[in-house]
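This report concerns only the one structure given below.
All chains are identified by letter, namely A, B, C, D, E, F and G, in their written order; residue positions are counted from 1 within each chain.
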Amino acid sequence: MSLRPLHDRIIVERLEENEVTKGGIYIPETAKEKPQRGKVIAVGKGKIGEDGSVRPLDLKSGDTILFGKYAGTEIKIDNEDRLIMREDDVLAVIE
Amino acid sequence: MSLRPLHDRIIVERLEENEVTKGGIYIPETAKEKPQRGKVIAVGKGKIGEDGSVRPLDLKSGDTILFGKYAGTEIKIDNEDRLIMREDDVLAVIE
Amino acid sequence: MSLRPLHDRIIVERLEENEVTKGGIYIPETAKEKPQRGKVIAVGKGKIGEDGSVRPLDLKSGDTILFGKYAGTEIKIDNEDRLIMREDDVLAVIE
Amino acid sequence: MSLRPLHDRIIVERLEENEVTKGGIYIPETAKEKPQRGKVIAVGKGKIGEDGSVRPLDLKSGDTILFGKYAGTEIKIDNEDRLIMREDDVLAVIE
Amino acid sequence: MSLRPLHDRIIVERLEENEVTKGGIYIPETAKEKPQRGKVIAVGKGKIGEDGSVRPLDLKSGDTILFGKYAGTEIKIDNEDRLIMREDDVLAVIE
Amino acid sequence: MSLRPLHDRIIVERLEENEVTKGGIYIPETAKEKPQRGKVIAVGKGKIGEDGSVRPLDLKSGDTILFGKYAGTEIKIDNEDRLIMREDDVLAVIE
Amino acid sequence: MSLRPLHDRIIVERLEENEVTKGGIYIPETAKEKPQRGKVIAVGKGKIGEDGSVRPLDLKSGDTILFGKYAGTEIKIDNEDRLIMREDDVLAVIE
């Protein structure tokens, strides 16, 4: 069983703050809109323009991303917490 | 008798939380905007663009979907509760 | 004498809740935005796009429709109550 | 002396409620946004689209129309009260 | 010295209420958004569309116009009061 | 050192009220949104349309302009106060 | 490790107020929306238009910029504070 997000939505596995990657990206506690890290699990087919055209997303499964604290909707799949958000809610890709 | 939704609207049969599918998708009680599962019963012809073009919906009858708690309008057909919402209110398809 | 609605507006004769059609569509009393049934009496020429093009409406006279409780403006024609609303306020067609 | 409305505006002579036309259209007192009847005195050249194109109005001088109670701006020409509103504020044409 | 308004703006000389023209246009005191008369002194090159195209204005210098009471910004040129507003704030041309 | 404004922004040197030019443009103290005069110091490359096209600005360095009292953001360059605003915040050019 | 901003976002290293450059740009303390200086560290691929086209950004890595006080989201990379904002939040480039 899997989830296929619609249009420009993506499914994200949140990466806990204490899983510090090599090089270290820290999210400040005091920032008003606290950014957070996650891993992209699935992406939609693309964003649909006013003329009906579909633009494939820049993000792909496996990308590690930064997003705002309140981005997305929380769901639970196979007892794991996931987030569904729009690509535009993603701030940057960690490479 | 049946209902034909207009444009980009769909008709949804809500799936109760205790109807856990194999693999198990649980909807967290504490999430602010609680997502919910449902089955698509009927779909509109498509979303109409600014230039009058019609984009067929990605969803089709029979799809199992996740949507936000407050999405759609509740109606009753043949003594069954149904929801009418727009495709854009749907978060993901469960496959 | 008749009324010709402008653009994407339609004129609707409200169907009372106790006029249950065969198969039975019931509108729940408790829904926040209560949907209601009606019959389309007249439709406008179509919705006008940003480029001036006219898209004919999907609805036609005689259609039985579902719409939200607060949709439209109430008028009285030949001592009969009617509603004028936009096609986009219509949720579904009852077939 | 006359007034030429700009773009998609029209000039309307309000028809009093007691001037009931044959067949009788009554405006309910209790409706929240009370519709009202009027006669079109003059129309603008048309609505200007985003691309600069001009769409001629559907309404023409002489049309009897229904409009919302708060539509338009009141002016006085040659000691007669008139309304200036946009075509989109008009609900329907009485034919 | 003169003022050249930008894009779809115009410069207007307000005509006092007691300068009644032949035929007489009176502005009602009680209207919520009181319309007022003025004379167009200068017009901009035109409104710029989303695609960068320029649509010349319908108004020209010398036109007598009706506009809403709160339309525009008041300035003083050569000790004369003037208004700068957008063409879309103009209700009608008095001919 | 100089500042290059982005897109449709311009940099403005505010002209004090007591620097009355020949012919005299006075800004009324009582106007709700007080207009003010300034000199254009630098302009951006142009406004970017929805389709990515760039429309060069109408304003150029050296233009004397009128703008609303609250237009723009104040900065200090080489100990001189400057304003950064969008071209659309400019009311007119003084010629 | 590095961050790649999405679409029209950029990553900025804030330049402290006491790092006065030659020629001296001072940010006034009293301005309501206080502008601030920074250095561009990374830029996204470009802004995506309604038709799916991508417009490359005007800014490039290394640019010194002015931006509003509340622009962007604060993150920490390799123990350094950074800002992620959209290009449109940038007021000007310091050259």
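The rule we apply is simple: a residue touches a chain if its C-beta (ideal position, glycine included) is under 8 Å from a C-beta of that chain, and two chains touch if they have at least 3 such contacts.
Quick caveat, the model's predicted, so the values are computed rather than measured.
Q: Strictly by the touch rule at the top, which chains does chain A share as contacts with chain E?
A: none
Q: Could you give the fewest steps needed to travel from chain E to chain G through chains in contact?
A: 2
Q: Is the contact between copies chain D and chain E built from the same residues on both sides or from different ones, judged by whether over half of the numbers are shared?
A: different
Q: Mind checking the centre-to-centre distance between chain A and chain F? Centres are C-alpha means, answer in whole Å.
A: From the centre of chain A to the centre of chain F is 41 Å.
Q: With chain centres defined as C-alpha means, what is the inter-centre distance between chain A and chain G in Å?
A: 23
Q: Where in chain E do residues touch two or more other chains at once?
A: Residues 50-51.
Q: Can you list every chain round the ring, opening with chain C and moving on to chain D?
A: C, D, E, F, G, A, B
Q: Can you list the chain C residues touching chain D in their complex?
A: It comes out as residues 1-7, 9, 11, 42, 45, 48, 50-52, 73-79, 81, 84.
Q: Can you list the chain G residues touching chain F in their complex?
A: 21-28, 31, 33, 35, 47, 49-51, 53-55, 58-59, 66, 68, 87-88, 90-95
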